[in-house]
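The following block contains the structure, expressed as structure tokens.
Chain lettering (A, B, C and D) follows the sequence in which the chains are written, and residue indices restart at 1 in each chain.
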């Protein structure tokens, strides 16, 4: 009990600490792949710190909602990230929320960010919000289908139990799991506004989605939102890791949290590299192709759910 | 024989003769009301009396309620007409001379109908129905407008032929019965016929029933024999429309049912059910479709009467205790509701100065009491609870579907068809911004609300004796 | 634990209990009479609405206690209705639960309605367009009484009388706005669809009661119908109750009729009356019809899935606030029906615990939807009162002018978008838990089909979120798009209170859902012979942890606590250690010259929906965006018109209407024939029948 | 005795049927009336004979009534009307004469088909006479719908009535025959009064139904 509480606190701190690092790592690798030296690993920390110190510039008709959204969003994603077992499954908050609740938490964050986008009454916020919600409308079902296929195998939606079960290795290789993995990766890319869905580095209004929503943000608010974005990236990486390759993670009964932590760092690095490679190798697609992309993800995940019954009777 | 029954007949007859002599129409109209009140009082005493049937008159579970109903609607209608004709005189549509004639005819009409209801002799029954035809023809043509005369003429020719066919049917009945019970009155006395109906040659009964159904069915207004009904309702004075729909149709149907009982009691005859069901459904659908294109409010509700006669005919056609009960209940409910609607329509037409539906808008705004009354009446006739019609339709539909699913589907379709038209029109009439001229209402709305109250009561609670009567009749109808 | 509220069942001996309800209903009728009699009096509104609120509160309390006290079924028979049967009334767990929902809705609606009507009356001079309306007062309590009667009815006749009475009164309430242009059409369609539905129920009960006419529900429970009859009944119930609930494609009346009524009535119709339809489905499918067959549930789930997705897509297409809300009701009904279908299939496959789980999900969603849909319709009413407009494209920036309403609306929008830790999410969570048990089912079609249904639910949920971001963002955020919106002000206390109650409950039920789930457990047990929770009595009641079959659990309270524990320090730390400086300036208009572009340059409701219209609408609604681009140098503005058609109209109702008109036109000839032709008709009839007789005999 | 009785009744009945065929055949109004008069005579003869044969004196009244009204009063009245209203003397039938005849014949077969099998246990006389009267009724109806002219419709109507009375007198001991024939005559009188009424009101220049049908209340 005590241990789980401590683990939980460590986890909250850990994700907070690691999130910028991951982002930095991805940027660095991308730069190197493009033959640039690229910024230092710690650049994201510096950016956040600078933003936090800056004053906030608010649009005249910004409401209280606009000002509170960054905090709400950051908290929601932080909490969600804290729920994904990274180095141990023995977390105090594990039973309060399962995968579904986690997805819903992310949904909350998105909901409020989209509202914030509409608040200042410029057209760009609107563009961002409407596109974001359209993307989410397809990403969420795909995500839930992934959950479905996993949960049907594991008979649970609690992440801790999933991880434990997967470590048991009784599952073996499954077509459906492969499909689910692909779907989940596609969703992750979409949700984190990465190429080819969106370009985190763009500032051309017509092509941007996420950036358009946060266009009016500045100072500490922008810092929180950037931080939340980084947390989200970490969260998805951790989620994929936790569900599909949880080996090395500690459980209440066995394993050492430290080992789990080290293995997690390694997996994270690998994931970051993979993302970077992927992003450098393809180009951004038009916003209205996104529907097809995510529709594909949804179908893949659905196929995965159906394959469950085909491959081995469940 | 208690004096009550003959008195019920004598009262209107005497009144009719008296009213011929009364020149002042105001006095006459109230004499008319008084006579009806006396008749009703006498009719109500019948509930307690259990007289034995004579060669000419009979009183049984079937006609006792109908007689009371007829007397009651007769009274309320006379009250309505008293408040109605004043305006007609004022607007110069009628002159005192015609009114004198009108009141006499009104009582004569009541007499013929009460006679038809209480007749035990088939010949008397026929004569009474024919008399009812003649009196109503005269009253339909009361306005002497081209349209009214034409309507009366059509009514007269069609029903005349119908009557003729009915007479032929009656003769056939006698022909069939005469070998069994010998020549003379017995073979035309309904109670006697019913008693040894089993012995009667069934094939002649079949033939007879065909003629009687087509004959009296013409007066019931079943399609395709309905043609006279809408115009007669639309062109005559509204009180007459009320009694036509509320009483005459019932009486004609009553005649048909009496003969259906004979067949049911005989057992060996063909089943009259399918025939009635086909006519009923065709009336239902025809009326339902016709309702959509009507522009004249009185003709509109006349078609609704055809629709309901169709429903009732269907109910008796499919038969069985529940369906027959539903049919009887529906007869009573329809006559109360439809006459109430015609009272409201009469006032509305006088208030708006037109019979065209387009000219009557937003009644609930311009004349709240009238508008809501009319609305309630139409909702009741459309079969919405908590009014009595809903109960009969509930019994009929549920019972039919359990036995003849396809027929029930047809029935429901037809009812919904008509329902659509009713809602369409009643919303136009009762809601929206009022248009056109708008005069104050003359006279009382008491009859309207009295009927509505009864229909509402029946929807919530039926008195035990009534139920018992209906159930016995339902059993007799087979 | 369930028995926190336990009070002795003896407090409700059968007769007394139902008698209480009867008195309450009579009180409602009395109030209606008052509404007519004293319609001119100034106090009448206060009396009628206040009285209605009180009566509903009493009934709701009674229902709550009856549920908590686990008191069994209580019956009473009145010498009314069908003479040889009488009116049977019965209050069991299920009806008690729905009574609670209905009458609680009645309480809030009465409170809000009182303020709303006063505000509307105040508007007369101010002329926000709503002219003098028809009477609402008499029919409002009657409507509520009708709904309660449906829930109490224990024989087919009483049931259908109350059912149709409910439709009738709500129709009259819709017609109270009869001077507004669209109302008449909407009301007509509503009453016709309602009666068509009633007709289907009539047929269904006809089958159930059999030719003998055993209309009492007890008698119906006794003899189980044949497989064919049962199938027919299921179909008819789907049509009959479905048309009232708004299942696609029978929903067409709903987005027209619900908005046409005064807002507090819309709230009742959308939030509560649809639930009565759900009650009818449960009562027949789970209770009267006996042992279910798996495909019943399958049918329900298919219809539900289509309804859920279509409903929310409709909602996304709407620009009228109330119409949007009505469409979202269609979606939620779809979700509930899916849950019912799941419960049926699991009941059929004899896994009662999961069935109980699904049914609990359905009932919980019934509660939730009744809460946040009422809330949102009240908000719409408040907006209408404040701005006189229901058109999203004339609103905007209301968060500054109606601060309290804005907060409440935000709660409602978040709740209906199923965001944790609010109540909407709990329902979805339970539903998914049930869906995840699909593999336990024997039928392959269901195993796979339910996965698809799950996807549909998720899709609907996500689209709903988009829909309400759109609603809230356009109506409350941004800049006002019209002078009315700019001049709006906060609404009165009564309306605010009416909105606050459901808002608070949305939060409470999200945090402590187990309360209510435990509360309606008797209803669930009565329907599927099991509860959603295993009897782990040590299970603390703040945990929502059903069915140890899957060890999942959810705890809204701790989640809320965690959010608080994280966010409050966050705010403090940042404001203490980082900057807390603020500078106000104009929003960046992407190079638009000062003064910043007009409010119309904002994203409008239709432009917000455009990506989704483009992604889904093309196939479903054959939606098209038509752009009129003026010549260069032409000063006319370019305009974009978004066109879409409802397939239900295009392929079902318009053809029916055409057919009726065609027939009517052609039959009408019969009115204008000559007397001779009429005689010929008679003659032909006679001869044909005679010939028939001759033929039949030989 | 019975034989003669039967033959005589049969003969008269057949004569009535024959005349109603003749009615169908007529084009000219006056000859129509004459044929009708013949039919009425035959009918009253039949009634009288039956009254004599079964010695039911009240049938004599029927006979006399028929004679007085149908054979004398009404034809005369109709003659007057035709002259007063200048109705053209020849009426174009709505159905062709040939067609009408065919229809008539088939109607007679139908009625025989209907009546003969069902009346095994009735007396031969009743049966015959029933078949005849049924045919007469049906022919009368056919007459009414195959003629556009009011007068010929009235005649058709009255021939239906003749059929009825034929049936009534045919069956032994039928009560109320008199009353019914009176009631019926009243009706006929009404019709004729109606025609007069139209003429007096001068609403319809002619008795051609097409004019009467010209309006219904539904025009707006």
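The criterion applied here is as follows: a contact is a pair of C-beta atoms (placed from the backbone, for glycine too) under 8 Å apart; a residue touches a chain by one contact, two chains touch by 3 or more.
None of these values were measured; they are calculated from a predicted model.
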Review point. Which pair, B-D or B-C, has more C-beta contacts?
Key: B-C
Exercise for review: Return the chain whose centre of C-alpha atoms lies at maximal distance from the corresponding centre of chain A.
Suggested key: D
Check your understanding: Where the CA atoms of chain B average out and where those of chain D average out, how many Å apart are those spots?
Key -> 31
**Study point:** Inter-chain centre distance, chain A versus chain D - centres from mean C-alpha coordinates, in Å
**Key:** 100
Review point. Where the centres are mean C-alpha positions, what is the separation of chain A from chain B, in Å?
Key: 78
Check your understanding: What whole-number Å value describes the gap between the mean CA coordinates of chain B and chain C?
Key -> 44
**Study point:** Interface hub residues of chain B, defined as touching at least two other chains
**Key:** 153, 157, 161, 165, 203, 206-207, 293
Point to revise | Residues within chain D bordering two or more other chains | key: 114, 117-118, 141, 144, 153, 212-213, 216, 218
Point to revise | Multi-partner residues of chain C (at least 2 other chains) | key: 671, 673, 675, 679, 682, 686, 690, 693, 697
**Study point:** All touching chain pairs, where touch follows the definition stated at the start
**Key:** A-C, B-C, B-D, C-D
Check your understanding: Considering the complex alone, what residue numbers of chain C touch chain D?
Key -> 671-676, 679-680, 682-683, 686-687, 690-691, 693-694, 697-698
Revision key, fill the gap. In the complex, the residues of chain C that touch chain B are 79-84, 134, 156-157, 160-162, 164-165, 168, 175, 178-179, 184, 187-188, 191-192, 195-196, 199, 202-203, 205-207, 209-211, 213, 215, 232, 660-661, 663-665, 667-668, 670-671, 673, 675, 678-679, 681-682, 684-686, 689-690, 693, 696-697
Revision key, fill the gap. Given the complex, residues on chain A that touch chain C span 12, 52-65, 71-72, 74-76, 78-79, 93, 95-98, 100-101, 104-105, 107-108, 110-111, 114-115, 117-127, 129-131, 133-134, 136-141, 143-145, 148, 151-152, 155-158, 161, 205, 215-216, 219-220, 223-224, 287-288, 291, 298, 301-302, 305-306, 308-309, 314
Exercise for review: Please name which positions on chain B make contact with chain C in the complex.
Suggested key: 153-154, 157-158, 161-162, 165, 203, 206-207, 210-211, 213-214, 218, 224-225, 227-228, 230, 270, 275, 286, 289-290, 292-293, 320, 322, 364-365, 379, 384-386, 390-391, 394-395, 397-403, 405, 408-409, 412, 415-417, 419-420, 423-424, 427-428, 431-433, 459-462, 464, 467
**Study point:** List of chain C residues in touch with chain A within their complex
**Key:** 396-397, 399-400, 406, 410, 414, 417-420, 425, 428-429, 432-433, 435-436, 438-439, 444, 447-448, 451-452, 454-456, 458-459, 461-463, 465-466, 469-470, 472-474, 477-479, 543, 545, 549-555, 558-559, 562-563, 566-567, 570-571, 574, 578-590, 597, 599, 601-603, 607-612, 614-615
